[in-house]
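Take a look at this one; I'll ask things after.
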């Protein structure tokens, strides 16, 4: 077999474990296997505004931060590479089966730091750290890119001006849409009225969606001002690790970077608690969220125990916990469920 | 061609009529064609709590039934195998075409019985019998498994304690999550406040989802207490028969086990009637429900004539019938529509 | 390679750029490539009621028009064939890349005419012309088929009697469900109470869905009586051009017939304006609509910036424009986004 032509765009025709090559926009040929993001990134030109800003000492966003009168929630977050084991137990506790095959690859992940990037606050994780604020706050994310390829932070839901959207836009790209290796960009976003909710953030740079599919996403929560937090907040990203981005043999349907109960988050709560679930999707697929032994009321008043959502959809619901036991949460697409998209919810 | 490796998990990467094998968790190799569920079931160990309960004369659920003070709705349901013809007319009335190919296979189906399993109340059907109750009721399902492989009944929406969820959970499995050949388990579920709605029930045992994809699912309706029933209640399961579970050559996109108008349910109503549609999904795919010549108001107040839903989603709507004629209902995914997921709604 | 058997039904198992043949209902064999609709249409029998009506001078709908007391909105629309360039700039402005490959094919498109089909009001377009009315109005569409294959106009949402549904129904087909080459049929539809909303119309004739997938669809808006229009109304169809219907090499994920920013509609608005988006789906896939820098309130009160919708789903939302800049709108299925389903929204 000759090498398959494969680039950023061509890998996108994913269907289950297989991918279908498109023939448009080919830039490189690779053997079947992991796409070489760094190599691809070498072919991307630095957009003109980004090049101009590179010579400037002042951050484009300094003025915006200075004039923000509301409370400022400040985060220092880096994008880093790290080994990531998708199925660390090599077991599927739901079906009581082994999960064969090598399951560790080099992921991209957001990592929280103390102010000034002095010291990491923990490891880089998939998903990245929770960004949390209240309506009225200003969120400032100091973002450092420790990857070789340019990446960004693009938020959902929150208010941001055009140059703060963290999106690559070809020749119209602002510096926040193309953060180069070892550079830092400071994003300033505003929690205006009407931005409350559970959202996600993710890379939206020139290599999109490859860095997202290698782990560059995380949760963003904007509470109403003064709103009392529930006893538990669970943030659950439903997404897929694909062979073309991991170099692994299998596709894994994941919750928060892990696959199969016992590897995915085992959520714990107690009877009597207010428990909030915050669910979002970050892949090419549509999913449902199903919780055994429980049901909740949707904003339209309907009672459900299963809900459809798509890529970048996010939603929350709260339950008053009343049912002890060992329960499953899972995607109810049977294929996804049985390829890892399930976990335990243990109520004592 | 050498035999394809194929097991419970590997068949799940379905896309249209094709399936993509995953390489994890292979337990058997089979020729292309129907997965041998009984053979696979032979490799599943009896979970410890199930083995312990097998020696016990008392049903784990007897106490619960005895203490139920509300009205008890009692059902006797067996899981059985039976021949099932997906396209009995061998015609597609929508397109006025023949539907070629053998369309009968050995399905799994729930069958209703009189008390004590004295006599069948009718044939085993796909979907299984309607389980119907009101808020405040207790539902008791005496379930007998006449299949060789262990299967269960797992309900949506209704309240159940942990040992009544009918779900296989590996070493944590309760007897209700692993009902063996020729054994009976009695499920006790409660229609508490906040469980009203249209739901589904289905197998969730150790062979999941193979038995579901061979027919083990059915509708569950919980009305509000004292609520007046409409003139017509139509329960419509949107699902797929796949070659790997039927052994047939083609994939069929079905409503209630049948494919193509004239085989799927021909619904009938009269002008002036209140007509309720109860729709749910039971496969790997997302569907829409579209009804010609009619529209309805969603709980959020929007008016629609087409609605997206996913696996295990269920929803209901009611119309005041005002438009006589021969109408289609169908999934509006064009591929699904034209591979059988359509039927007649005849209003006189 | 021997010719692949391929017909109207067999092309339906589309997955990304590939299609999976089903084996049912084969009528012709073709080389890989564009399906020959005209040739297939030659094999379809004229339904009995259509044949009977062909000899009649009077339109079946004349009486209905005459008795309509409300305002009549009258349209003259033809279905025509025309060359259609999906990527006229041969550039993807989002990723600043060329889009290689021939992108012009012979589309089917609805074209607006002056009364009596005197003169075209503009070119045939994909989507077709907006049909617009208010609750209380009667919509009359004089439809002329200039294609060789029989096609129709089937509307969503609006009220229509059975013979006005524009749907092929095999032997039950009315003349409006099978409009032959060079014939005209007049559809009469009513904007009754409870039909307000954004809808779509599309072919639903005997070749369905081939003509839809070659461009026969368009938007239908029914405003509430006396409702003030927003400053801007954007109608966006999310759909796919597939090799089997275009004869082109690639699959294109499109908005309004075009793929990739700079080719898809560049929407323009000004700060302070009320801007309405009307979005609908017309292919085999589920999509999301995401708008950068903005969010909106759903009818159930939730705030979102991304929404899932399926084939023939349609929805609208309105924003009070407050955020200048060059923004993206796009489907957030990453595969679709990067195969063309994105565009610019420029706010000044």
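All chains are identified by letter, namely A, B and C, in their written order; residue positions are counted from 1 within each chain.
Note that a residue touches a chain if its C-beta (ideal position, glycine included) is under 8 Å from a C-beta of that chain, and two chains touch if they have at least 3 such contacts.
Please read all numbers here as calculations on a predicted model, not as lab measurements.
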Residue-number overlap at the chain A/chain C interface, same or different (half cut): different
Degree value of the rotation bringing chain A onto chain B, based on Cα positions, nearest 5: 120
Distance from the mean Cα position of chain C to that of chain A, given in whole angstrom: 34
Junction residues of chain C - those touching two or more other chains: 15, 286, 298-300, 308
Residues on chain B engaged by chain A in the complex (per definition of touch): 8-9, 12-15, 20-26, 45, 47, 156-157, 159-163, 165, 167-172, 194-197, 199, 206, 208-209, 212-213, 283-284, 286, 298-300, 308-315
Residue numbers on chain C that touch chain A, as the complex places them: 15-18, 92-101, 249-251, 286-288, 290, 292-293, 295, 297-308, 323-328, 332-335, 337-339
